[in-house]
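Okay, so subunit A shows up in both of these, paired with subunit B first and subunit C after.
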Partner chain A sequence: MHDAGKVVAGIAVFAGLVTAPIWYQASVGGAVQPLDLSRDFPVVRPGAPGFEDLPADLALNPDGTPRECVEPTEFMRANHMAILDRWRDQVVREDVHDYRSTTGKTWPHLKLTGTCMKCHQKKAEFCDRCHDRAGEKPYCWDCHLDRVAGGR
Partner chain B sequence: MDMKRRDFLKLAGVGATLGVGGRALWEVVRGEEAFASSPHRETSEGLRWAMVVDTVKCAEHADCRDCIAACHKAHNVPRFEDPRHEIKWIWRETFAGAFPDENHVFMGREVLSRTVPVLCNHCDNPPCVRVCPTGATFKRKKDGVVMMDMHRCIGCRYCIAGCPYGARSFNWVDPRDHLPEVNQDYPTRTRGVVEKCTFCVERIALNPANPVPACVEACRFGALVFGNLGDEASPVRRALAGRFTLRRKPGLGTGPSVFYLI
Partner chain C sequence: MKILVSLVLVVAAVFLALVLAGTGLRPLFGVALPYLAFATFLIGLAWRVVRWARSPVPFRIPTTCGQQKSLAFLPHSRLDNPFTGRQAFGRMVLEVLFFRSLFRNTTATLTRDGRLVYGSEKWLWAAGLAFHWSLLVIVLRHLRFFLEPVPGFVEVLQDVDGFFQVWVPVLYLTDLVIVAAMTFLFLRRVLLPQVRYISLANDYFPLFLLLGIALTGVLMRYFFKTDLAAVKDVALGLVTFRPTAPEAAGSLFYTHLFLVCVLLAYFPFSKLVHVAGVFLSPTRNLANNNRAERHVNPWNPEVKTHSYQEYEEEFHDLMKNAGYPLERE
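Up next, the complex of A and B:
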């Protein structure tokens, strides 16, 4: 092989550049820490972190029971993007404003701000933490407001 | 296969003719009108939301901007000093500007001096819908409202070119920086989308039987009336039955759902 030294050196430089993110991560932070999802209080129940910060009327239903999410937590973690994608077509294009959940309950008057953010008030903690980690940049908030009327 | 070049070309010609004109031919044979040339026909049946504007009452209060203020506040419509960036859902227009084909120099000064509120006409045959390449703007089959789906708008502005009423505005800059106050119950828009009046679909959804748009609610003088064009007993039909009305640029065949009592 001609110029074997240059070729091998070139391959070594190339491999080093391609794997740079791994070297960089290993040198600065060590292993990536998993997200602490216990902090994202999918349903704001009494005793959950952040519950004390919520206005009483937002943390509880009018009859005093804790607020309930439209779907169970695990379902929402896996499928919220599909649900929201369906909702927006349903509400804007088909004029259907109710959602029938897998638990059999029907939720009226769907809104991103008015329904989701009514309980999940801290967008930075609830939405952005995972999205930032995953490199997701949903453009919901270009138009939709992250504060519900009467919220903080 | 044994076919002469000449016969092949004849057959190809017949095939191409049928391919291009086949549908029109079939419709003529079946006694329907050919789709490309059929004129649009409005019917007086079914649910169709419409608005009637009393230009006499409006002219009596030429400085009133209540409907505009209420609409723009309810829908987070930004305010710009630079007219090139202006966003408007409902605004005041001169009589000659609103009705370019219905005025002449000998017309009474009082009529010519009227300024009338203009907005999206929610046309029965909307040109904006026809030109939209993504389906972002569409006409609701159930009630005739011409809607915008901001999620699908790519900002091409074909609809602005297609609308003969100037009812559509483009967001050249981020509107959030130019909101005098924010209504938390309604989204804003983002840079690069087109927007217009929606006949308050959010209110129609909450009160489908008897919706009252924000502008109609805000009018202190009863100059704006909203209702179902398909119902003879509705307020709009009663207003239309009693007095002479104009629609904007009727010759274009768009079939506006906004009427002006003269």
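Up next, the complex of A and C:
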């Protein structure tokens, strides 16, 4: 092999670059644990401490039925941002405030802070954990409050 | 035909992955193939480079595009006709980062009255540069899946790329640019008869493959969304050697990943090795100093020589008697 020094150095630099995530994870990277989405995420459910303190006007179901999310969990994980985006357009441009879910149910009068964050109260513990991990920085919060009255 | 074969191959790969990722074969797509493809990519490329490096380059053969170093009053074109290693390095930097030699691309056309006219042709350069830079930015942005915590420069790249904040999730400009550039490069190949004539399946296949990768990525980001937390588990699992292949990541994701695996495995055996080849091009990476330094071919056989001095010495008396002028004396 000619110019062996330069060639080997070049291959080494290239190999180092393309395997960089391995070295990063082995050194500076944090301990990696898959997020247990079902367990770790604080959701204020009926009966849970703090639930009764929620302002009554935030109630999603006037008839007091147990709360459920507007969509199944799997669907929400992948599509929540698209739903919020569509709501925004519907409310602002078409004055439509109800949401018809993929399960066929209609949910009246949706709001980000007033509906979603009623259960998922703590942005830092709910939204941010996934977003930070995936490197997402949604600009929704540039304007929207990240807490509800009485929450947090 | 070459186009059709390439297209069919890529479409077949898409359907294969779409269907099989939903079955018990998912670990194949999420674990085994990524490792195999990556190893093929790395070892294959190293093998190609070593094989190239075994070919000797005894002489300086750079293509020169400007005034070589000469008398002091002639301005020396340092980057187009480098004389030192540093100047050659500068030339390489411009070549690798900005495709400088392609910028010089010309086109030959016949005018209506039959004259041959050469003109500047920058479209190939512009589309090529747009494609490659977008690819780099996209690959760097993808580090958000492979690194935990996500480093700051990746977030900066995302912010700049999504500067216009169109849609949720934000539209990345590089997504638009890469699809547009590849479409242009494909159309150029099929619409220009000369280019079409010299195009091979080895040209169409990587184009379709990369387009397939970009389009499945775009579909996944903007249209048929997937659970990115699960994707991050897959990516982090691969780099920490604790791989998983959760169903939640979705068939479209495994299809995207499979196409990337095909690309990686195909890479060392295709024209795509130009990524390494550009660094080993003796017409680019050498200094043009042939007139200042003697470069002796190292494997020249020992040649028996007989210099004039030796000749004159040997026949000194004979030459003197015959009345020839002699150098010595």
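To be clear about the criterion, the second predicted complex is superposed on the first by the 115 of 152 C-alpha atoms of A that agree within 3 Å, B and C clash if a C-alpha of one lies under 4 Å from a C-alpha of the other, contacts with A are read in each partner's own complex, and residues count from 1 in each chain.
The rule is short, and it goes like this: a residue touches a chain if its C-beta (ideal position, glycine included) is under 8 Å from a C-beta of that chain, and two chains touch if they have at least 3 such contacts.
Given the structure is predicted, the values throughout are model-derived calculations rather than measurements.
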item: Overlay on subunit A: subunit C relative to subunit B, clash or fit; value: fit
item: Greater residue coverage of subunit A in the superposed arrangement, subunit B or subunit C; value: C
item: First, second, both or neither for A:Asn79, with subunit B first and subunit C second; value: second
item: First (subunit B), second (subunit C), both or neither touched by A:Tyr139; value: both
item: First (subunit B), second (subunit C), both or neither touched by A:His97; value: first
item: Subunit B versus subunit C as contact partner of A:Gly10, first or second or both or neither; value: second
item: Touched partner set for A:Pro21, first subunit B, second subunit C, both or neither; value: second
item: Partner chain(s) touched by A:Gly29 [first = subunit B, second = subunit C, both, neither]; value: second
item: First (subunit B), second (subunit C), both or neither touched by A:Gly114; value: first
item: Touched partner set for A:His2, first subunit B, second subunit C, both or neither; value: second
item: Gap in Å between nearest CA atoms once subunit C and subunit B share a frame through chain A; value: 7
item: Residues of subunit A that lie at the interface with subunit B and also at the interface with subunit C; value: 139
item: Touching residues on subunit A, where the partner in the complex is subunit C; value: 1-4, 7, 10-11, 14-15, 18-19, 21-22, 24-26, 29-30, 32, 34-35, 37, 74, 77-79, 81-82, 84-85, 130, 132-140
item: Partner subunit B, residues of subunit A touching it in the complex; value: 88, 92-93, 95, 97, 109, 113-114, 139, 142-145, 147-151
item: Contact set on subunit C toward subunit A in their complex; value: 41-42, 45-46, 49-50, 53-57, 143-151, 154-155, 158-159, 165, 167-170, 225-229, 232-233, 236, 239-240, 242, 244, 248, 250, 276, 279-280
item: Subunit A partner contacts - residues on subunit B that touch it in the complex; value: 138, 140, 142, 147, 149-151, 182-185, 187-190, 201, 205-206
